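Both of the next two complexes hold subunit A, though its partner changes from subunit B to subunit C.
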Partner chain A sequence: MYGYLGIDVGSVSTNMVLTGEDGTIKHSIYLRTQGKPIEMVQQGLKHMQAALPGKLKVIGVGTTGSGRHLAGVITGADIIKNEITTHAIAASNVMPGVQTILEIGGQDSKIIILRNGVVSDFAMNTVCAAGTGSFLDQQAARLNIKIEEFGPLALQATVPVRIAGRCAVFAESDMIHKQQMGYNIPDILAGLCEALVRNYLNNVGKGKEILQPVVFQGGVAANAGMKAAFEKALGHPVHVPSHYDVMGALGAAMLAREATNRKSTGFRGFEVADRDFKAGGFACDGCPNVCEVVEIMESGQVIARWGDRCGRWSNALTQQARIS
Partner chain B sequence: MKVVYPHMGLMWICIKAMLEYLNVDVIVPPPSSKKTLLLGVKHAPEFACMPLKLNLGNFMEAAELGADTIVMAGGCGPCRFGYYAHVEHAILRDLGYQYELVVLEPPQKHIGDLLDKIKQITGQQSWRRVINGIRFGYHKAEAVDKLERMANYCRPRETTAGATDRALQHALQEIINVAAPEGLPAALQRAVEIMDAIPVDIHRPVLRIGLVGEIYTLLEPFANQDIERKLGSMGVEVDRSIYLSEWVNEHLFLGLAKNTRSSKLVKQKAIKYLRHFVGGHGLETVGSTVFYAEQGYDGVIQLLPFTCMPEIVAQSILPRVSAELGIPAMTLIVDEQSGEAGLVTRLEAFVDLLARRKQTEEALA
Partner chain C sequence: MSVTVGIPRALLYYYYYPQWKTFFAHLGVKTLVSRETTRGILEKGIKSTVDEACLPIKVAVGHVMDLCDRVDYIFLPRVVSTARREYICPKFLGFPDIVRNNIEHLPPLMDNSIDLYRKGSSLYNLFYSVGKEFTHNPVRIMRAYQASMAALNNHCRDMESGRLPFETCDSNRHNRQDQDVGVRDVTIAVIGHPYNIYDHYISMNMLKRLRDYGANVVTADQLPEHVFRREAEKLPKQLFWTLNQRMVGAAFYYFDRPEVDGIIHVASFGCGPDSMTGELIERFARRESRKPLLNLTIDEHTGEAGMVTRLEAFMDMVRWRRQLDYVAATYY
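Moving on to the complex of A and B:
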């Protein structure tokens, strides 16, 4: 039995997916990154190994997300890919013919436009995190509502309250104001969802043509209130795939299958979960740029470096670990 | 008098050659770095664009090396750059620097004034020698542009990673070392041989991307986070819409040197979308995008410093150009940020988009 491993190391969550040779998901793992990407990758690998039948052999590994280079070095990935490409690959496999992908994660949100199965345009939020999962988390916590209850509650709304969605600070004070006026919680939550959707479509979706079918994925897609708000704003149905929260990892696994088509994998085995990895860093003194160079050490030996503009340190390593 | 001028990519090579040929003492500021930017950001108005901040940093670093006279180009709007020399001079004066300022205004409007300013810098040199000096600088610019073009061709095709960048440094050194016009052709010959010796795989399929946008961010690798090198290593052959010698020819020689790609052509290409001069290189950005689409390039990337008005005008027009001519275009705005992850993610995704698109097109053909 063979399988492909996909790893998505994001700012908020670290996800892993193992697919069979046919691309179906055998097992998936969702962990909070908690600012410790190396540990979480190792922990994920342990969970994954425990959940799989012993005879399964991993014949390809792909990594994605903002921690993709780190995860790639640790696991010996066959392909290291940006999250836009992996999300698009996964969505178009789950829903052939998809033309628009709305993706909202913990710290970023993006829109991907596909035409004829190929990415034709994309955009990511630039500086503002007002429309992302962290803000919803924060507001739910403030109202003392579990994030899992957020969606169902919002769906009970009868008259969604209008809330300013352009900036997280404005939105929060607006919400507090409305709450003190006596509006009920479901109406406020539904209003918040609508405000975030408005902000997303204006800020990230800026002028892009949103055609059906539309897929909504990323951690925030769990929130039924957000799905309903998107459907209301777009005027047509929005599809949330069953593995909406691990789509990046799924795409990475699919790309790993493509990348290992005619060659054997570089996967270093589940044993890396027990090895000693350390990330260190230093400021280079070669020129006034004072680049902050990151070093990944395995048992005291440097296995990868990056962060230098000129290549003085990253090119000094003879190993293959070149950063794409 | 020790003269300093701000950095803009490899421009320093040409101006240094010209001024030293005319026996002017030149101080080349240290290459723009995070320290330069830090100095600039600290003392410049927050809403100014990044070029102003880097210029300011360059002057402050050059002052430590003994520079006492600033030479800068001027301009007549709507781009704010025309005023930067004076603003920067005023800021430096407030900070206690004793700089003389010489602003070279564009010759269209102020030819007499320009000649006076040149005399002020070059002193008692004959006009004949001054002209030879300018010509020497211009020929160096042409040489540098030629080498950069060769590097952009080789980088995506090199068989050893980093070979192109190492060769380019050696080749540029040949050009830098030449002190008199007579030596330039032979030096260029040697430099070209160095570049020709880079082992390349000419059959490797590459993508072609045109870089358009604001001149400073296009020419200064520190400002654009080395975008040409990054794209090159991703297997992309890059062409810039502006090269130094072309710009000098257009703006300082009023197109006197023949056989260069002229901005007149590019402006004609823009007519369907934009009929006005909007300052800076806004018009050229639109026209060049049309030009690259017609030349069969796979995509276009627009670069601009945050708050750049002319490029914002162009940015709002590009989606229409892109849709009508079927060329994907992406806009990147640069500012103080030094984290590269965001830029690399966007570049990678854009390159993937172009590669997949090309695959499908080829499969259909």
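Moving on to the complex of A and C:
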């Protein structure tokens, strides 16, 4: 039995997917990154190994997400791909003919427009994190509501309250104001969802032609209130795929299958979960740029470096360990 | 005793440096260009500039500071207008004042004006008033001026033949376009102000990155003036910003070129004209063209991840779409 591994190391969550040779998901893992991407990749690998039948052999690895280079070095990935491409690939495989992908993750949100099965336009949030998962997380915590209960509660709303969605700071003070006026929590939550959707469509989706079918994915897609708010704003159904939270990893696994076509994998095995990796950094004093160079060490040996503009440090390593 | 004039490697340096250098050389004056932008230069600039100024202005202030104790004069022409009935950004216009009010221990500034807004005004006025400082011989100034115009023409011709400004400004550049190896299968037009896209630090090496991803890069500065002006006439009303006229015209031109596969518009955060031309270009793209367009905004951040992700995704998209067009073309 053979399989492909996809790893998505995001700012908030680290996801892993193992697909069979036919691209179906055998197992998926969703972990919180907690600011420790290396440990989480290792932990994920351990969970993955434990959940899989012993005779399964990984013949391709792909990494994506903002920590893709890090994860790629640790696992020996065959392909390291940006998250826009992987999300698009996963969505168009799960739902052929998809024309719009709404993706909201922990720290970023994006919209991907596909036409004829090909990405024709995309946008990511620029300077503002209002309308991403971490803001919802924080507000849920402030209201002492578990993030899992957020969606169902929002659906109970009878009169959604209007909340300013332009900026997370204003949204918060608006929410406090409405709560002190005596509005119900479900109404406030539904209002917050609508504000975030409004902000998303005005900001990220500005001027984009949102055509059906629409897929909504990323961690925030778990929130039924957000799905309902999107459907209300767009006026047509929004589809949340069953593996909405690991779509990036799924896309990476699919790309790994393509990348290892008639080639053997660079995967270093599940054993890397037990190896000793350390990330360190130093400020290079070679010029006034003072680049922050990052070093990844395995058992005391440098296996990768990046962050230097001139290549003085990253080029000093062997060709194979070089990144970006 | 020979005199040294400092020229900051910022703002209009990328358009006019060859002309300025030639002019001063003919008057027997040495010129010194500030060093390439580094974090140190940027940080100095940020500290000494008001917060609301745009990034290019902050960088330019940093470059002036880099020159301060190494030169006798700093050449900072007050660029009001370089074409009839058009203006340059007001921050350029006020730049000598920004510098004077924020930096201490300045060498004397040469902030003579360039103002071609009105009929009959000439660039010669600038050079005559500058030249007067160094010689009393008007014939010598005239000769230097003529030589400098020839140098400017050469510079423009060089760019029109496909070279980029920093390649023509400095002959010993380390990353010349024609020196890179590897297959280049796509052509990307990068539309942005020269002081943003050619500054390696500010642009986070964007042009080099694109080439590494296998792209041929073309820019707005490689178009002759009459071409981008003709294209910009597609707008219902003439823009009065000269620099942005070039951006819009070039974008329109490249949208129509079959060999260009995608367009990247680079704006600096907080730039008024850029935010408007970005929107104009985007609307045009949506209405008239099927070419992929990416809007990139740059600012002080040093994290490269955001830019790398967008550039990579854009390149994927361009290749993917082209493949599809190719398939469609063979079927129908």
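In the analysis below, the second predicted complex is superposed on the first by the 322 of 324 C-alpha atoms of A that agree within 3 Å, B and C clash if a C-alpha of one lies under 4 Å from a C-alpha of the other, contacts with A are read in each partner's own complex, and residues count from 1 in each chain.
Basically, a residue touches a chain if its C-beta (ideal position, glycine included) is under 8 Å from a C-beta of that chain, and two chains touch if they have at least 3 such contacts.
None of the values given here were measured: they were computed from a predicted structure.
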| item | value |
| --- | --- |
| Side-by-side fit of subunit B and subunit C on subunit A, or clash | clash |
| Touching partner for A:Val290 - first (subunit B), second (subunit C), both, neither | both |
| Touching partner for A:Ile84 - first (subunit B), second (subunit C), both, neither | both |
| First, second, both or neither for A:Ser66, with subunit B first and subunit C second | both |
| Which of subunit B and subunit C A:Gly311 touches, first, second, both or neither | first |
| First (subunit B), second (subunit C), both or neither touched by A:Phe122 | both |
| Touching partner for A:Gly207 - first (subunit B), second (subunit C), both, neither | both |
| Overlap of subunit C and subunit B interfaces on subunit A (superposed complexes) | 66, 81-85, 116-122, 124, 126, 207, 287-290, 309, 324 |
| Complex contact set, residues of subunit A against subunit C | 66, 81-85, 116-124, 126-127, 207, 209, 287-292, 309, 324 |
| Subunit A-facing residues of subunit C, complex | 38-41, 200-201, 205, 269, 282-283, 286, 290, 292-293, 295, 297, 299, 302, 305-306, 308-310, 312-313, 316-317, 320-321, 323-324 |
| Subunit A residues within the subunit B interface of the complex | 66, 81-85, 116-122, 124, 126, 207, 287-290, 309, 311, 315, 322, 324 |
| Of subunit B, residues touching subunit A in the complex | 30-31, 33-36, 161-162, 165, 226, 234, 319, 328, 333, 341, 344-346, 348-349, 352-353, 356-357, 360 |
